Amino acid sequence: MGKYKIIGEPLKNIPWEEKPTDCKEVIWRSNMNPIIKRDHLPTSNSIFNSAVVPFEDGFAGVFRCDDKRREMRIHAGFSKDGVNWDINKEPIKFNCDIEQVKEFEYAYDPRVVWIEDRYYVTWCNGFHGPTIGIAYTYDFKEFHQLENAFLPFNRNGVLFPKKIDGNFAMLSRPSDTGHTPFGDIFYSESNDLEFWGRHRHVMAPRGWWQSTKIGAGPVPIETSEGWLLIYHGVLTSCNGYVYHFGAALLDLEKPWKVIARTEPYLLAPRELYECVGDVPNVVFPCAALTDSETGRIAIYYGGADTVTCLAYTQVDELVEFIKSNSKL
Amino acid sequence: MGKYKIIGEPLKNIPWEEKPTDCKEVIWRSNMNPIIKRDHLPTSNSIFNSAVVPFEDGFAGVFRCDDKRREMRIHAGFSKDGVNWDINKEPIKFNCDIEQVKEFEYAYDPRVVWIEDRYYVTWCNGFHGPTIGIAYTYDFKEFHQLENAFLPFNRNGVLFPKKIDGNFAMLSRPSDTGHTPFGDIFYSESNDLEFWGRHRHVMAPRGWWQSTKIGAGPVPIETSEGWLLIYHGVLTSCNGYVYHFGAALLDLEKPWKVIARTEPYLLAPRELYECVGDVPNVVFPCAALTDSETGRIAIYYGGADTVTCLAYTQVDELVEFIKSNSKL
Amino acid sequence: MGKYKIIGEPLKNIPWEEKPTDCKEVIWRSNMNPIIKRDHLPTSNSIFNSAVVPFEDGFAGVFRCDDKRREMRIHAGFSKDGVNWDINKEPIKFNCDIEQVKEFEYAYDPRVVWIEDRYYVTWCNGFHGPTIGIAYTYDFKEFHQLENAFLPFNRNGVLFPKKIDGNFAMLSRPSDTGHTPFGDIFYSESNDLEFWGRHRHVMAPRGWWQSTKIGAGPVPIETSEGWLLIYHGVLTSCNGYVYHFGAALLDLEKPWKVIARTEPYLLAPRELYECVGDVPNVVFPCAALTDSETGRIAIYYGGADTVTCLAYTQVDELVEFIKSNSKL
Amino acid sequence: MGKYKIIGEPLKNIPWEEKPTDCKEVIWRSNMNPIIKRDHLPTSNSIFNSAVVPFEDGFAGVFRCDDKRREMRIHAGFSKDGVNWDINKEPIKFNCDIEQVKEFEYAYDPRVVWIEDRYYVTWCNGFHGPTIGIAYTYDFKEFHQLENAFLPFNRNGVLFPKKIDGNFAMLSRPSDTGHTPFGDIFYSESNDLEFWGRHRHVMAPRGWWQSTKIGAGPVPIETSEGWLLIYHGVLTSCNGYVYHFGAALLDLEKPWKVIARTEPYLLAPRELYECVGDVPNVVFPCAALTDSETGRIAIYYGGADTVTCLAYTQVDELVEFIKSNSKL
Amino acid sequence: MGKYKIIGEPLKNIPWEEKPTDCKEVIWRSNMNPIIKRDHLPTSNSIFNSAVVPFEDGFAGVFRCDDKRREMRIHAGFSKDGVNWDINKEPIKFNCDIEQVKEFEYAYDPRVVWIEDRYYVTWCNGFHGPTIGIAYTYDFKEFHQLENAFLPFNRNGVLFPKKIDGNFAMLSRPSDTGHTPFGDIFYSESNDLEFWGRHRHVMAPRGWWQSTKIGAGPVPIETSEGWLLIYHGVLTSCNGYVYHFGAALLDLEKPWKVIARTEPYLLAPRELYECVGDVPNVVFPCAALTDSETGRIAIYYGGADTVTCLAYTQVDELVEFIKSNSKL
Amino acid sequence: MGKYKIIGEPLKNIPWEEKPTDCKEVIWRSNMNPIIKRDHLPTSNSIFNSAVVPFEDGFAGVFRCDDKRREMRIHAGFSKDGVNWDINKEPIKFNCDIEQVKEFEYAYDPRVVWIEDRYYVTWCNGFHGPTIGIAYTYDFKEFHQLENAFLPFNRNGVLFPKKIDGNFAMLSRPSDTGHTPFGDIFYSESNDLEFWGRHRHVMAPRGWWQSTKIGAGPVPIETSEGWLLIYHGVLTSCNGYVYHFGAALLDLEKPWKVIARTEPYLLAPRELYECVGDVPNVVFPCAALTDSETGRIAIYYGGADTVTCLAYTQVDELVEFIKSNSKL
């Protein structure tokens, strides 16, 4: 047993590859990357920035599939092993009877989380500008869309896997209409997923790799040391944005309080499938599976806004790294 | 009695000047403009975009007073006649015990409204970017600050003077970090002024004088024809923004439904105190007094982001104008 | 008789005021400025950048009248003395049976010129972006619209008052979609006002007051020394554009050859009606009347994109000034 | 015989490779790509966006060869099979005796077309900004340059292969001075290739992959269903432009009327030679060969603004795809 | 005698007007403003941002005179009373035999200072971009130009009136090529006015009125409390820049150490001659006269980049204000 | 012996690979490229834009190592053969007792040069913006930091390897705060490396590959034909900057006089390690070794702001190329 614990269920069939012996990094890539290629569906331009959860005896997920119109849609998919995926050819059609909300514009960058009795999906939802869409499902077949969480303009809305102080809790990044060149992470609460408030500031961009904007990645992982938040940070080079992974530990009860935050990045674009594609130089973490018994963490991330990739870490190693490389 | 009615209290002492006989406009300016000059307070750089309500046997208000640091603050003030004002030398100090909320950054462009049992103030509140601050007062001496209504970035938050479908209701304009060059009006609800949701889109910028951005002005006025919303619309000339007044009628029960909207503007910068100042070419409506008996409406507006001005109209004339000059 | 001659008709009733004795400028303003105020029409936001020609025993013109939607339209008008104007309340409705051309978007900055047997109007015409509209009239009551001269994006199209080498000839300024921050004057020919070609470059922006962009003003005036072209030149200050007048002499037979061009400006915004208005700091020449007997020239120009003004000069003085202050 | 016909000559020696059995796309790439590498000439930095036609018993072409000054020039070249090319070391020197026109600035993105009795070349020609140059040749040795078609600023000028209503006809994209971030396709006519007019709007950018700007690609192909226009469409990602192929069918007699237009793209940058190079993420179609007997179409396109590539399709398949994936 | 002393010569004939009794400001304007109008010279477009020193029994100065080309030049001038000025019609022609330095591009915003045995002029000098020009004169007739102080891009170079630690000392603001939207004040030394080094950072922009950029104004005034530096600070409104006055006290021996700095501004554009002109909303201090006996200070400043103005203060009052309104 | 001579020491162990027989370029790449990979150090994100000199019986260097915070630092390193390097894990810690100078912000793009009795390092040094840092070392273990050479904003400061006219001499490129989109090379002198002056303009950007900005690369190489300056030139494509190599010959005694300058580039990004990485499409020369006996030149350059590469040329060939491809 490790020094630090993931608070959650065991997941025996979590995808896993051992760390290569010559690897000095705290996170290592799958040898099978990209696990989902851009033309996985006959109609897909690219499949990336996608979310995965344990489901029945395997896994289910919600996948960002830009089609050949380059229209942004999310699709459901299923897998026995978390690596080989059957993705539905048709995008999710949400059940919704709220007049303005049901009019679909676009959907991208989903996250999925189990809270209490069902799965919730959040995503960047077009509503006169990007905002956070919310839906729930029991079976990844029927999805029921609720009110949008916030006014535009917002992106990277991520729910906590359990209520905080009796309320649903969400991280998000207020943005603007286009390719926002700024962005902090905020925290908000709701007792009904319809009305949101108690907005708190969590953290702002900071030096170097995370100097332009930051955004929450996978659903926060509960650990003995706090909420483990893997997030993306963006640097503006003279030839555009570069997206990296970082991580932070947030207070378990007041998650807007940051306990530790990595000064170095955890993963940066290096492989060809991360550096070359529709948006060069992007690694974008969107989901994580965890096994509380072994401390294993499997992270799903988008490469170059084009393909879906997998990387691994272990809770002891990652938490230790965050703590010993933290700057607040 | 007029054709159209203001639904509300009479206000016998409403400031008033008759329309000049040669005036062909639906809104006419006070001869006393600017009624509040930029150096009304010894420490003020400018006093503008301010809100006024009936209070006791006279009037009270909340005033945007930029000081000589050019820092943006709001002050309370009192008047017997609505024209001559005693403005407190010190800015409002809000009572607030919410940790992140009570840290003051800046406050500007207030609105004030009586709802049920007290006065509510909303304003553009600095919270890691502009958002909508909310406070209440009974006496314009003590002000109790509540949670911010939304995540940043937002401006021009205006409460309706009564609940809609049992909820508090607010118009606002999602924005970005700086001098936002875009902006639509949205509608949101809350049953506790803490958690907000049910976001609806109301209207977008449109041709010519309102082509860059629009924002709600005074608290909507309830009339027999719908909510009368006076708003500002902005055009981008090759030498910067020009701010105008327009007006719309919104559905009484579903205020996100626009019944009528003026195609021409109602008032544009023409006087020297509107064209010359800290921000040239601005008229910015922020408050309105109404007398239900006579249908008189007195509009307080900022001139050139420098001084406070007064203009008048009459409900019959204004509603008729909106209806007969509407384009949806 | 002067040293230099205007080649054209006498115009005994040309508007005229003598040069003030203390004036050291080559162009002097009318004491009646602005001769047309912004609210000259009940529906007008502003009347400026307008074109005037002798007509019958008085004058006729085409006027840019932005209405209170801030929509840009052109109206016909008539005057006995060139100073006091009756402007039609309704904008010009062009007869046109060319499918795409007849769909009106907007019209601004007109010029009017008599060529051979009729009056031609050119203006900046909205056609999926600004381009040069052309129409003709015999009576300023009926206007017949022809094909647009060029593909978008173009502005400040000005016809020569007679054919050059057997062809109609036009000056124009290729532009882009918005508040174009660049612009040279080009020359083009057509034998039918429908197909245009033989494009020649005339002159580019140059130092200081004309460093951002330049555009032809009134219809070129034929003189013994060449075509006298009054044009506008724009400087970008740290608070926006400043528009000035300049002048050039063009070769009579090959008008794309510049003989002389003023290094100093001729008129710059100094009066309040030029510095304050919808676009501060603009003087924009659009038309000129000339009397070949006396050499008098009356120039109509827009002030601050808001009002119409009049200025005077004399051909001897102006041509002498251009020649002795020229830099090519 | 197919359902849809190419109206034109047979071309037995058209370059051809059968569609790979696992290919689900309507256009497929050559296995020999890039068929012309960047250093094909000892002095070339890159060879791309080039135009090819049948010539004598083989093929001739005009090639964009940026040299190692990165100066943009066009060269003639010859081939027996359309795949292996002899490109002249020296750029084309145009015969021209029109004073301003003959001054060479730069030349890029050529198209070549046979009309009636000779070959015409059009290209983006530097003339105080980009505009459309025109020349003709009988033998690809001597080229005679005519007047530029339009005033600046224009790009992607493409002649129809026969006269429309008795006139030469051209598609083009009005632009601005630099890396234009907008652009619609327009149609214009001329009876002498010198004077141009009757400008008509054809189509504007639209959702997703073609949301920033569009431009005509190869010379339109006459088919039984209308003019088949392959064009490029550009999306602005947060790391720059991405160029795709699309296609449309235009009315045979009034080619500004769009009959059908692909909602999805036809080809997008996926191969390394399309994603990596002087301008990453560009596929830019510039020429097409057709065989009316088999319906085969061979498309020449630029990869990453660096190399020349070849792709194939078949008229039945392509027209069917356009019709069944059209959105107007 | 006051509490604080100016260390310097008495100046009995310093221009002076008593503070109006109702004035609550620490700096008050002259009733004669603008003391130099824009057309003071027959060739001048504007005269502003000019420098004045005691000279013989009166005053001499160097004046920024933009001519009617809008070319920026500096002229010498003389006055008996410091208010009425004779300005030379011709710009200063510098003696200079350094090859690249003697080529004149443009000159603006001069400062003049007496050091040891002569007058030195510094100004913004065009040298492949703006940098700091230096010259000296004994008589304001002959001016000897030295090497430029720094590489481009720099503005607002101001010499101290005596050597610091044995070296000449200069404040300046590194900038960029255009209307720089940023700028800190730095300090540098030289023992020969040719080679410069020991660069120190003095102060950066800060909240509100001085949030965009700051720049040294008049030559620092030596006082018993430190170097009194009057400077300008710029705020970016949504309609452009607004320039204000502020002041700071710098350490007498290590002038890069700031002792005190005003949080509020001292003077902001309010008068028509400050708000309307070639650049609206500018007050720009450039020179100060001081009388050590009375503590009087007369400040010359530019209004709206168009005219020259005069304002007054008194050392006791000003230093007290700085100290009691300081924020470091 | 060649036609042209390198004036300097022989360097028998200069890294060398013969030119491939099919290579037509004047500069050819090492087959070992990249010779230093991005993860050469366990903590490095990238190692590039680095400087190398002969040292003892091998080589020493200063290396730009961005760490995994993406913080920019410079490290010392040693090598026997110039290809295989031991780079210190810790960045250089400079000895410095100048108060403001010793506060480290960031350091990048170093150059190293031997002058008279020691090695000097120059680099882009953060000091309230980028400027030129200077230090010296005898042993690459202890480094003594001097005053910064100039006020911000400056980059690419390169010392000449011997005094010019008795003074130290430096090339540099004045810049602005961010990813400067402009930049000329200037020359400055100092007799003490503390005070700098006699600024001269050397050369400006020019057509095509060097149209956006240029900057000195390796320390100038003294030859019989003048100072051989290898520099970088930048072109702005529609997807960002492209960096190339060029070269010039400067007058030996007045190095601001350009004798010859390549019109074509010498090397452009073509290999994957130059086109793909943190900043795509960058080759950036930073150092050169020379052997006066053989005329061999080995150039160290950065690839894609990610890795360190090596290329070769020979003085005869290179100087001949510059002379015969020069355009001034």
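In order of appearance the chains are A, B, C, D, E and F, and numbering begins at 1 in each one.
In this section, a residue touches a chain if its C-beta (ideal position, glycine included) is under 8 Å from a C-beta of that chain, and two chains touch if they have at least 3 such contacts.
Quick caveat: nothing in here was measured; it's all calculated off a predicted structure.
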Steps in the shortest chain-to-chain touch route ending at subunit F and beginning at subunit C: 2
Pair from C-D, A-B or B-E with over half of its contact pairs in common with B-C: B-E
Whole-Å gap separating subunit A and subunit E, where each centre is the average of the chain's CA atoms: 55
Between subunit F and subunit E, distance of the C-alpha-averaged centres to the nearest whole Å: 40
Shared-contact residues (touching 2 or more other chains) in subunit E: 239-240, 276, 280-281
In contact (per the touch rule at the top): chain pairs: A-B, A-D, A-F, B-C, B-E, C-D, C-E, D-F, E-F
In the complex, subunit B residues that touch subunit A: 100, 127-129, 131, 147-154, 172, 174-177, 180, 182, 184, 186, 188-192, 194-201, 204, 256
Parts of subunit A lying in touch with subunit F, wherever the complex brings them together: 24, 207-209, 235-240, 242, 244, 263-265, 268-270, 272, 275-276, 280-281
Footprint of subunit A on subunit F - complex, ascending: 38, 42-43, 45, 67-71, 179, 239-241, 276-281, 305
